[in-house]
Structures are given as C-alpha cells and as structure tokens.
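Report on the structure given below.
Here the chain labels run A, B and C in written order, and each chain numbers its own residues starting at 1.
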Amino acid sequence: MNAVASLLEYPSSYIEKLGNIHRILPWIMAFVVLLPLPHILETTLNEYYVYLANRICIFIMLCVGLNIVKGFCGQVTVGHVGLYAIGAVTSALISLHLGWSFWISLPLGVFAAGLAGVIVGLPSVRLEGAYLALATLGLGESVRIMIAVTPFFGSSTGLISIPSPAIGGFVFDTYRSYYYLVMTAALIGIYLSFSILRSATGRAFMAVREDTIAAAVHGINVTKYKLLAFVISALYAGAAGGLFAHMPPGYIHHNNFTIIEMVTLLLMVVLGGIGHIWGGVIGAIIVTIIYDQTLEFYFYQPLLFGLSMVLIVLFMPRGIGGMIDRYLVTKRFMAIQEGKSNGAS
Amino acid sequence: MSKLNKTGTVLGLAAVMGVTLSTFALAADIRIGITMRMISENGQKYGQMVMDEFDMINKAGGINGNMIKATLMNDECKSDKGVANAVKLVAQEKVHLLIGSSCSSVTLPIVDVTSKAGVPQLVPHSTNDKITKKGSAWVFRVPVSGRYYAGVNAKYVGENIGKKIAYLCAADAASQNDCEAMQAQMKAQHGVEPAYTAQVQEKEVDFRTHMQKIKNANVDGIMIAALAETMARALIQSYEAGIPASVRRIGSSSASNSPVPKIAGDAAKGVFFAAAYAAADTRPIARMFNEIVKSRYGINSPDHDFSQAYDLVRIAEIALGNADLKLDSASLAADRTAIRDAIAGVKGYQGLASGPISFCAEATPQCRDGNRTAVLIAYSKGGENYKTEVLARVTMPIDFGL
Amino acid sequence: MALLETIGLSKSFGGLRAISNLDVDVEAGSIHGLIGPNGSGKSTFFNLVTGVYQPDPGSKIFFDGLDITKSPSHKIGALGIARTFQLLRLFSEMTVLQNLMVGYHTHVSYGFLKTIFNNSAIAKIDAQTSDEMMELLEFIGLADFASMPASELSGGQRRLLALGRAMAMRPKLLMLDEPAAGLSPVNVDRLMAIVMALKERFGLTVLIVEHILKVVMETCDTVTVLDYGQKIGEGSPSEVKDDHAVIEAYLGQEMDDDEIRAALNA
C-alpha cells in the first residue's frame, strides 16, 4: 500500500495544480482519457470488455449513490435495488408505451426513483441499524414483487425491446456507443458526489452518521439530511436503472433486481471503502473484474463472494479506500511528530 | 490532495483491467457456446448432457474431421448474466453456434444479441412464444412453443374433462405464459372464462386459502402452472384441502420435471401435462435414450428437458455436417451464416421429440418453432419410482396461436 | 436581562421526576454554574434546554426573549445555544477541522442546490470558512492536528476539540457539561483559561456543569444548586458555600465547617 500511495504522489500533485486552475479541469481530462477506452478494448481484446466497461459504469453509479446514503450518512439501506428497478421500469415503460425519447424518459425515471427514495428514507427517521435494514429490504423487495406480478411492469416475461437512445440519426445501440452515455453519466455522477460530499451537505451527512444527537445540537436538521441522502442516492439509482434498461439488448426482468444484486452492491461498496469518496468506484471496478475472471467457477462464486464479504468486514472494515486513508493519516501524524521534535531541538 | 491521489488509483485499476487477457482458440475447431441455468441438480445435468454428447461426437472423429470446442456457461436464469455470457461467447470465444438458454426470460434478450452479431442460436428449453416472434433470422427453437402447448391442453381438457377450470398461476415466465395461453384457448376453443384464478409468487409455499376457494368453486379441473417444486407443493395441498381426485389436475410445462412426482408423491397421480417427450415412449430411440440417461446421470425417467438437449445436439450435428465450413480466422461470419442456413435446412428430423422437427429460412415463428407435436402425459404413479403413461399425441397446425 | 430563562421546567421519565418545577435565570454575560450530586438533574436540564428531550407540559424555556420550549435541537442550535457533552460525542471519523466545520453549519451561506450548480463558488466560501476555523484551532491549540481524524487525539485534546466545535457555532450561550472531567489539575487550569479567554473575546454567556467544585467556585458569577431535580440554593459562590441546605444535600451533614471548606477548595 505504501508503494502504491507514493507512486501516486507525483501525478496527483500535478493534477492538484490543474485543479486549481479550474475545478472541472481534472474531470474533463479524465473524460478525454476515457474516451478511447472502448476502441482500445475492442481492438486489443474484444467487444465483451466494452460490455463489461458499460456494466462497470452502471455499477459505479449505483455504488456512488449507495455510498452517499450508507457510507456518508450512515443509513443502512438494503432497498437500493428497488430504486434501481423503479428507474429502469419507469424509463422503459415511458419509452415503450408513450414512445417518448430516452432523453425525456430517463429524467422521468430518475424523478420517480427520487420520489420513491423519500418513501424508502422515511423509516430512517425512526429506525436505525438492523431495523432500518429490514424496513428498506421490505420496500426494495416489494418493488421487485410488484414488477414480478404485474403484467404491465413486465411481470414474468420482462420488458422487451426497450428502444435505444438516439440523438438525431445517431443511435446508441452498440456497447461501444452506449459506453459514451454511461461513462459520461458515471463521471458526472462521481463529480457531483464530490461536489456534494465536499460541501456543508456532505459534512452534515457525516455528522449524522457519527452522532445524530451531536449533529442536531450543532444545528443540523437530522431528518432533513437523512431524507436528502436517501433521495440523492435514489436519483443515482434511478439514473443507473434508466441507463441499464435502454442498454442493448434493451431488456429488463424482475430477477435483475433481487437481493443478490443488492448484496453484490454492498460488497462493492464495502470492499472499495465505505464512507470513502472513491470507495464505490474502486469496489465496482474490482468486483466486476473479479466476478468476470471467476466465471468458470460459477459453482463456488457465491461462496467466494460471501466469504470475502465476511473477511473484508472482519479484517478491513473500511475497505481499500480506508486503507489508503489510514496510510495518509499515519504519514500526517509522523509529520506532526517530526515537526515537534525538530522544533524542540 | 487525497482526492487526486484516488483518481490515480482508479486509473491504475482500469489499466489492470486492460491486462486481463483471455485466450480464444483460432484452430480449426467448431466453437460452440452454451449458456444455461446451471443452478439446480437437473439444470447441471442438462448442461452436462450437451457437453457429453459433443464429446462423443469428437471421440467418434468430429464433424467432417473438425473437432467441436464447446464452452458451457451458467446464467443462473438471470437475464443480465445470460446477456453477459452471450456477449462473451460471441465476442470473446467467437463461437460459430450459440446454444441457450433454459429460461425464456434469458433467451429473450439473447435473441437480440445473436441477431445483432449474426450468430445462429439454438434454443434448448425456452417455450415463451415471443422468442420466435421477434423476427430474428438467427434463432431456432427445438422445444415445442408455448403457443402450441396451450392449444393441446385446452383441446383435450374441453373435450375429455370439462369446461369449469380453476387456475393457480406462479409468477415465473413459463408458468405465466402457460396460464394465460390456456385461459385464452379455453375461451377461444370452448367459449368459457376461468372459474377461479389465483396469482402466486414464484416460490410460494402456502396455497391453502386458494385451495379452499377452489374446493368451494366446485370445478372440473385445476390448472397448476408453476415451476416443479412449487407445483408439487400445490398438488399436495390440493389434496390436503379435500379436493377429490375426480377433479383432474392439469400441469403446466414444468410438470414434466422429475421433482414434481418425487416431491408430490401420491398427489402426482393423475396429473397430466403437455410435453415434448414422454419417458414412457416405446420407440427404440426413446428406450436407448432412457438407458443412456439412466447409466450416465442416474435418472430413471428423463423429462423433456433432457430429450430436448439431446435432440438439440443431434440437430446441431446434422446442420454442422451439412454446412460448408472453412473455419479459419477470416471466415467466421461466413461460417456462422452457413451454419444458420444449414439449420434452416433441417427438415423432418425424427428424434426423441414426439413428432418431426423442421425448420425453414424465413425469420417467422412458423419457420423457427420447428417442433409442433406435443404429447399428453399423465403420471400413473408418484414417488421416487414414478411412472408415466401417454394419454395422447397431438400435432398442431403450423399457424396455431399466431 | 436573562439570556436563558426557564419557568416551571419539569421532566418525568415514567414515574421518576428528573426535573421538577425548576426556575433558572442565566444572566447575559455571566458565568453561571450548575452543581449538584450525581443524578440531581444537571444533564437532564442541559438536554431539555437544547431540545434533546421534550419537557413536560406546563414548562417554559425562553432564550433571548424567544420561546424555545418546543423547538427542535437544530433550531435551538441555530438561535445561538452551543453545548458540549459529558461523553463529548465528537465526530470521531471526521477530521479535527471537519468537526469545527460542522459546528459552523448554521452559518453556512449556501444551500444544497448551489453545491451542485455552482461548486466553484462554494469552494471559495468553504476555503474562507476553513481559514476562520483554523484560526479558532490555533486559539485552542489544535491547529497542528487539523487534518487528523478526531479519534486520533488524546483525551485532553478531545475536550478541547469539543469546546472548539461548540465555539464554531458562534454561540451567544455556551453550555459546558463537565468540561474538565478526567483532566489533570494543570490541564483543568489551562482549559478554564481558554474558556475565560473565549468568553472575553466573543462576549459569551457561559453555563457550566462541573464536579470539580474548585472550578465552579473560582470562575462562576452565580451558582445554582440542584438536588433531586429541584433548586435548593442559588447565589454567588460564597453565598452558596455557606448555605446550610446546600452543604447538607451536597456533601452530607457529617462534616464540620472546616472539612467542608477544605473539600470545596480542593
């Protein structure tokens, strides 16, 4: 970990300087760097890796959103996939039945998920910990069951032939073109999570996570911020759902939104580093890649993932992001001590 | 400061991802990709049977001297995993032929993947009629389509049992489809509405309330449309509720799966269902097949998912033998097209299926639902050593249910 | 003028009356002490004033002329009441600076939407706030630890941080719940010196609960003595010191006057 962190020292200080010129500049650079990725993946590897990149971007959006409510605001939610499903189904239905364009159906899906986020968040006002997890689990599962039993929502057959997004004549119907949509969305998502979490709102979330009474006494409206965190994470989930629904081959089915998916998301966030601003991103990338690389051992995969979850929680509860933080804190502490001893001598 | 440190981390991981190269064969192999639901004991055996049969072909010298390289993947009956598998098989393994999947909800999106990539797809188990209605030129269905099954059941029930039918419909794709189709057919063929309809969860365990209501409704028959374990539980509870044996129990397509008689025991007796294959079939090919399955997989009366997997391999064998394949790195698209055309050229294949299987070139359900013959099977004995008998064989007209 | 005034303040938990019919006036600009044996209701009083508990019907709490009896904690905080906790309740996974920034929350001039649509503007505002907070950290002597998680601090530093976090609220009334608990005598003096300096600098009113009587006796203008949730004495430290009821309740009646004086001065 030391080696990795010191390796990153140089480029990051360089990017830091750029960031001072303009806050968005590093993000635009990241965008430019990521632009040729599908081309590189498709020529050096093959289209499947472009597909994986698409999936990773969608997982990143889900995890970044989940990290806001769980990692930063400390609210244990297991209903995130329900919101993801609402975003997906809403956007899919609007474009299938009303024939409206993706550019309208997606925001409407995001909006619907946001509204549902309030409902999923309401129990958090009174409940904490395992009880809150149970309540949100119930809400998330009931969304899935609603979809499973209602023919209009796709029921057992699923929603078929959800149209691909298009701008003018250009249709995003290949993984390569769709990548630009999900990659842009994921980058914007990460950028916004930075904006939110590095502001007074983010600090309020953390204060609520650390101690609700102390937070309230220091002027933070705990209920408001809990709900806000749920709604923000719901908006992320809704956007991810909409993007998933319209991704080729444009098909969604209620079994894409089960508790297994939820556990996978949790694994991603926990591995990446709960409450670490990059945690969701790191986790989404690593878990998706590991999952893909272990596909042939499908029989042992659930075991592998379950065990690793337990081991992570036991031995590195703050995940990879937490380990990096730890390293940086130790370094800072050493610097302070050094400063003191220098001052003394 | 730390924020940007972490930017670097992500880019580093992206680079790691780029390094994870996977190999794919470019030798003169016929590459076949299979994605199936490998989560239940039987599910794994279906997949194993396909692999074993391809192995046997290789041991016997391959197809026109070419070896088959089959890759089997598990999709857990989840559409996103199935799509991922299909994309991986098509783009990475560069398969000439794709076989999949067990579940309609997985096959449906895969049809779009193979259609876009131009890869012939043989469907082993899925019965949802929308699969062939999508109009893909690349898809061929070996099992009997749900649209035919519905007609067979309704015809027999209306003529031999009665018209007052209660329905218990589970939420999985196949059962919903079976349920809706049966109700529509009862209306179309006999002009009757359901006497009672209950929608239940995919893995529901308690049906007693519904059974009581059905008992009070005094019906001629009950259609139980659910996956095997669920159906078995519903059957047992129908007797516990006191519905007499004279009220015939009609199973959906998954009634053919062996857990139904094994779990339901005596409650399975008299249950009948439409299927593509009857283990009670007395033809030599069927007796030979039953022997194979028994010796290889320890299963006494193979259900039609076994027979369809076997028929599918035979059809693939015929088509691959007829196709003019170059099998070099430049000929992938041409080889795929040749295989598709060769499958479309399979006519009157007589295998384990109860009637001949024929495909044709047009991208229509008439051409791609190759198997039109269903057999009505009844359990004459439940339990571990269950027994079946053939009630009737019905071949439906090619346009039926469209 | 009384900055904080409670009239008939009562609180029962089930059958137990933790506070009963309590009238307390805290004069603006004063340092007001609140003493009493364990379980006499001091912390309950703090929790009632800061909205952590809801008082029983009939109670009234006024702050700066406003009725805050039914206000939620965060509104009371925004009005200018800051407090510390006996058990500190620091945001331990957040950095020292972030703890103070949370304290400053009610003075943040931008809303949530602005964080999304104009984050370069808020970055400037935050940078300014963080400079101000660094100044405060400098004042309480924790500037070196600004970017360390609060959990890394020593016990004394944590007490200072709790004080700093309360001060970041720019309060009118600072309520300290046993600020010196567990500190060595030297550190107690240092802490109280900082409190006094802060009071002078920001023109604070201070309400202090403390077990170390020396602290109360040396720094307070007025002392209120509680026992079983009731006020049993009030006045200047020297008056309270000589009040017989207080002595009995607080120290037991077995001691003679010299022993009591010794205890109070220890």
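Methods note: a contact is a pair of C-beta atoms (placed from the backbone, for glycine too) under 8 Å apart; a residue touches a chain by one contact, two chains touch by 3 or more.
Everything numeric in this text was worked out from a predicted model, so none of it was measured.
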{"item": "Chain of greatest Cα-centre distance to chain B", "value": "C"}
{"item": "Innermost chain, taking as reference the mean of every protein Cα atom displayed", "value": "A"}
{"item": "Cα-centroid distance, chain A relative to chain B, in whole angstrom", "value": "36"}
{"item": "Distance from the mean Cα position of chain C to that of chain B, given in whole angstrom", "value": "72"}
{"item": "Where chain A and chain C are represented by their mean Cα positions, the distance between them in whole Å", "value": "40"}
{"item": "Overlap residues in chain C, where contacts from two or more other chains coincide", "value": "none"}
{"item": "Set of chain A residues in contact with two or more other chains", "value": "198"}
{"item": "Residue numbers on chain A that touch chain B, as the complex places them", "value": "4-5, 7-9, 11-13, 15-16, 19, 26, 30, 33-34, 37, 40-41, 44-49, 51-52, 55, 145, 148-149, 151, 155-158, 160-161, 173-175, 194, 198, 248-253, 255-256, 276-278, 281-282, 285-286, 289, 292-293, 295-296, 298-299, 321, 324-325, 328"}
{"item": "Chain A partner contacts - residues on chain B that touch it in the complex", "value": "1-14, 16-18, 20-22, 38, 73-74, 76-80, 83-85, 87-88, 90-92, 94, 104-105, 108-113, 116, 128, 130, 134, 171-177, 199, 201-202"}
{"item": "Interface residues, chain C side, partner chain A - complex", "value": "50-52, 72-74, 76-78, 82-83, 85, 89-94, 98, 101-103, 105-106, 108, 110, 112, 115-116, 119-120, 122-123, 126, 144-145, 147-149, 152, 165-166, 169"}
{"item": "Sites on chain A touched by chain C in the complex", "value": "22-23, 192, 195-196, 198-201, 203-204, 206-207, 209-211, 213-222, 228, 275, 329, 332-333, 336, 339-340"}
